[in-house]
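The following pair of complexes shares a single chain, chain A, combined with chain B in the former and chain C in the latter.
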Partner chain A sequence: MGDLTLFVPEAVVLLGAIVAFVLSVIGSSYRVNWIASVIMAILGVAMSIAWLGAAGEPFFPGIYRVDAFSQLLKVGITTGLFLSVLIAGNPGSVREHSRIDFPMFLFFSAVGMMMMVSATELITLYVALELSAYGLYILAALNKRQREGSEAAAKYVLFGAASSAVTLFGISLIFGVARSTLLSEIIATQPTPLMVIGVLLALSGVLFKLAVFPFHAWAPDTYQGAPHEAVTFIGTASKVAAVGVIARLLFLAIPAHDSLVNALLVLCVASMTVGNLAAIVQNDIKRVLAYSTVAQAGYILIGLVSFSSMGVASAIYYAVIYVPIVFCAFLVVCVLGADGSNPTKSSIAGLYQRSPLLAATLLVGMFGLAGIPPTSGFMGKWFLFSAAIKSDLLWLVLIGAINATVSLYYYLRIIKEAYLTPPADETAIKVSPATAIAAGLGMTLVLVMGIYPRLLWELAEAAAKAIN
Partner chain B sequence: MIAAGLVMLISVAGAVVAVSVKNIVHAIFGLGIALGGLALAFLLLSTPFVAAMQVLIYIGGITIAMIFAVMLSSTGKHEPGEGARRRVLAGIVSIVFFIAMAWVVVGSDFGPLMELAPEDMESAWSVQAIGRALLNDFNVAFELLSVVLLVAIVGAISIASRHDEGEDPAINEEGGA
Partner chain C sequence: MTDYGQLIAYLGIGFALGIAALVVPSLIAPRYKGAETEKTYECGVDTVGSAWIRFGISFYLFALIFVAFEVDILYLFPVALVFNEEMFGWRAFVEVFIFLLILSLAIVYAWRKGVIRWTR
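And then the complex of A and B:
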């Protein structure tokens, strides 16, 4: 066995799950459970940051690797966990008597994601993937409006199970060719056509998590039907973990195989286009955000298909900055939908008069998603596009730029509703202190990483080097 | 060789039954046959332990669980099947995928694994070897599986307990996830 202290960040989050579990079993109030969860989540973020520079293998050789890559993504995942827990002080859309279990599943799922990005062995990777998925399936089902919750979870589970079966099939093909499940030994194997098919099939399970076209069909319905707080977590932390695993798996196929690159290019272009075009016609804000996720997944793929160190770094960078950006958007959804309903464009009307703080948070989130300076969304797209240009993919950048312009339309329309349309109901919206703090944190992160991208970019570059 | 062909025939026949019949109980029965065929295949590959697990988990566990699920959920309602156009499309996709896969698999070189002597094969997949692998190299996955099971059980209880609020009585019409 290696140095077990390297496992501390995951262990702290797992401890958080156990604390939440025990508090739930002894029947404490939700308030107590929530405060304990917030504290544990803060600890998780702190440990992940403290272990940023760690490197080594905590378990048997080749199974699980702690390096600059995994640690940076763990910071992203725990940040998503912390922010999601912080706004779940009074989760109005979660059904009443399941509330007490809510934080526990967030933590368990986060443990799975953290282990996913560190796993360097396919079976460990697959089990971690399932752990993170199970937590999310359950979270999706806990909607107060049970019919919707069931539909959301059923679609999520069915699509998830199917893509997971495809992943297993792919893993078995990889194992057949390489006769090992260790990534280090698979890389050393001469890539054959069967191997490329195996990697592509194995990728489909994670492409599903990232909601890349054509694995995106679950996203709109699940986003619409799952509790707001659960979607916040699905939309933030799980994307970081998925990007991490895709990056790791893609490096199995290095030297990049043409057919693999071509397949991913098609998915990348289709994701951006389908996501943005479908988002335009949606009225439910959560559905808009779901299709916007599909489009954003396409942008992230631009970095990954560039197949360069810079491309991977830009994808990691984008995945990490994406967490606070999407969080800002979902925070507004959580507050506006505190009664369990889904906010629509009309319920956002005049948000500025009702709550300037929420309107500002929404503004920052939408500007971030659209990639308008000085938000970090702009820097993220800048890095992605420059990585693609360096890899001679100018046409891909053009398609990306056209898509970004199209997306401006629906992002800005939401802003216009919030700031320029007079509200139908002028009562001020009450924002709890914890949510106000979360809003402030989210906005600060988006703006700081946009104005001062250097620190994170250097970490991302180190991460990209570590996986190479 | 004849035995292998027969086993494959049983598996494929079971799989075809599983996806083609309308009655869901018959489909599960077909699935059981297909899984039994796979267990025989493992036996032919001289891996009796994996074959036993296949029977125990898949035929004994999964299909029985499926039958329970069918029994406990409302039956008798048959959803109209997919339209003919979608069936044809799905058929074309499956056939193309199968041909492509078969072409690649047949053309692949699996190396010395194919030349393993039957007696070596048996020791490579013995209970001892699997146990050692689970508690050595794969111990992270092994420990993590227990957490996965915990989450699944607690989650199932959490979803199923619905003695509440009466917010949406319509829930009883359809099962959860």
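And then the complex of A and C:
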């Protein structure tokens, strides 16, 4: 047994889940449950930040590693959790009688994600992956409009189960070749084609979470049908965890192998292109964001296929800054869809007149996604593209840049609707204090990390060193 | 090319097993046709009555809780095996107790949410 204090950040989030469970079982009001959850989530973020420098192995040797890499991603995950909980003070899209359980599943899922990025053994990794997924499956089903919620959850579960099966099969192949499930021992074995196929199959489970092209089909429907607050969490924290696992598998498990790189290059290009082109024709804002997630996953893969220390660092950086950016976009969706409906391009019209704060949040979110300075989205893309250029992937950067330009069209069109189109209904939108604070926090994070990227970039570089 | 030997062997064995699973039974399985073959499904107990009867949907939740427990009982067997050994006795007892305590939270949850209450 190692040093159990290294597990404190996860333990705090787990405690948050238990608190939410107890409050749900004793039948307290949602308000009380929410306040307790916000406090526990703040504690989770604080502990993750305090444990940033920690390194070591809390459990049996080789299965669970706490290092600069896992700790930085845990900060990203807990931030996503905290922000998602903070705006769920009155989750209008969540079914009335299920509301009380909402925070519990968020916390359980977050624990799974935090364990995912630390796991250095395939079975541990798989169990953590499932732990994080189950909470999300249930969250997706809690929509007020039951039919759509069930559809969203059913699609999510079916796709998730299928990719889990593929992952398990891939793990069995890896185990067959390497005769070990410890990543540290797998890296010592010679990568044979069988091993490479195993790794590709094993990756599919996480590529599914990240909604990379051939595994993306669930994303638009699940985003559309799941409650807004749940999608906020799915769209932020789970992406960080997925990037973490992919990076670990790629760099801890096997040295760069040509066929693996080629396969990932194809996924990367396809993801960017399909995501951006499909997003253009969507009318539902949540569907736009879903397809934009697919495209963003492609950008993140650029960093990972660069197969360099800088590439990993840029992917980690992008994954972490992506949390507040997407959060800004989803916050607006949550407020506009407080009655349970999905905001469309027309319901967003004239948002500036109805609520300047929301319009500003949307602006920051969309600029961040499009990668316009001074938001952190720009710095993120900058790092990704320069890492790719350093690895002689100029053509990939060109495709990425073309895609970023295409994406400008639909991101800016939303902004245009919000700022320039006159509203159909001029009543001001009421924003609760907690949501206003969350909006301020989200915008601050996006802008600060865009103007002063150095601190986070240094952490990301240290993280990349920790797994290389 | 030799690297791919593993892969080809693996694929070959996979296909061979798949084909064998179809061919071998068709060669050695007894051909028999009778009342048993016509049955909707075989479970060792003779099927009675029509399938179109009404039953309480509440059973579905009971079944779920049952599954949650049934699978977990498997984990008690390893403990039962080492229970008699010197170094495990009390420690195993306490650990299993904690394990069951965590499991029973599921029942507590179901109970408090009114799953066990029989409503029609």
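Note that the second predicted complex is superposed on the first by the 465 of 468 C-alpha atoms of A that agree within 3 Å, B and C clash if a C-alpha of one lies under 4 Å from a C-alpha of the other, contacts with A are read in each partner's own complex, and residues count from 1 in each chain.
Everything below uses one rule, namely that a residue touches a chain if its C-beta (ideal position, glycine included) is under 8 Å from a C-beta of that chain, and two chains touch if they have at least 3 such contacts.
This structure is a prediction, so every number in the text was calculated from the model and none was measured.
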- With both structures lined up on chain A, is it a clash or a fit for chain B and chain C? clash
- Task: Could you look at A:410 and tell me whether it touches chain B, chain C, both or neither (first, second, both, neither)?
- Result: neither
- Where does A:21 make contact in the superposed view: on chain B (first), on chain C (second), on both, or on neither? both
- Kindly classify A:138 by the partners it touches after superposition: chain B alone (first), chain C alone (second), both, or neither? first
- Query: chain B or chain C: which reaches more residues on chain A?
  - Reply: B
- In the superposed arrangement, does A:156 touch chain B (first), chain C (second), both or neither? first
- Message: Quick check on the superposed pair: does A:197 touch chain B, chain C, both, or neither? Answer first, second, both or neither.
- Response: both
- Message: Quick check on the superposed pair: does A:179 touch chain B, chain C, both, or neither? Answer first, second, both or neither.
- Response: first
- Query: After superposition on the shared chain, which partner residues are touched by A:223: those of chain B (first), chain C (second), both, or neither?
  - Reply: neither
- Note on the structure: The shared contact residues of chain A with chain B and chain C are 21, 177, 192-194, 197
- Which residues of chain A touch chain B in their complex? 14, 21, 59-60, 62-64, 95-98, 101, 104-105, 108, 111-112, 115, 119, 121, 123-124, 126-128, 130-131, 134-135, 137-138, 140-142, 144-147, 149-150, 153-154, 156-157, 176-177, 179, 192-194, 197
- Can you check the complex and tell me which residues of chain A touch chain C? 21, 24-27, 173, 177, 192-194, 197
- Task: Enumerate the contact residues on chain B facing chain A in the complex.
- Result: 100-101, 104-105, 107-111, 113, 136-141, 144-145, 147-148, 150-152, 154-155, 158-159, 161-165, 167-168, 170-171, 174-177
- Item | Residue numbers on chain C that touch chain A, as the complex places them | 3-4, 6-7, 10, 105, 108-109, 112
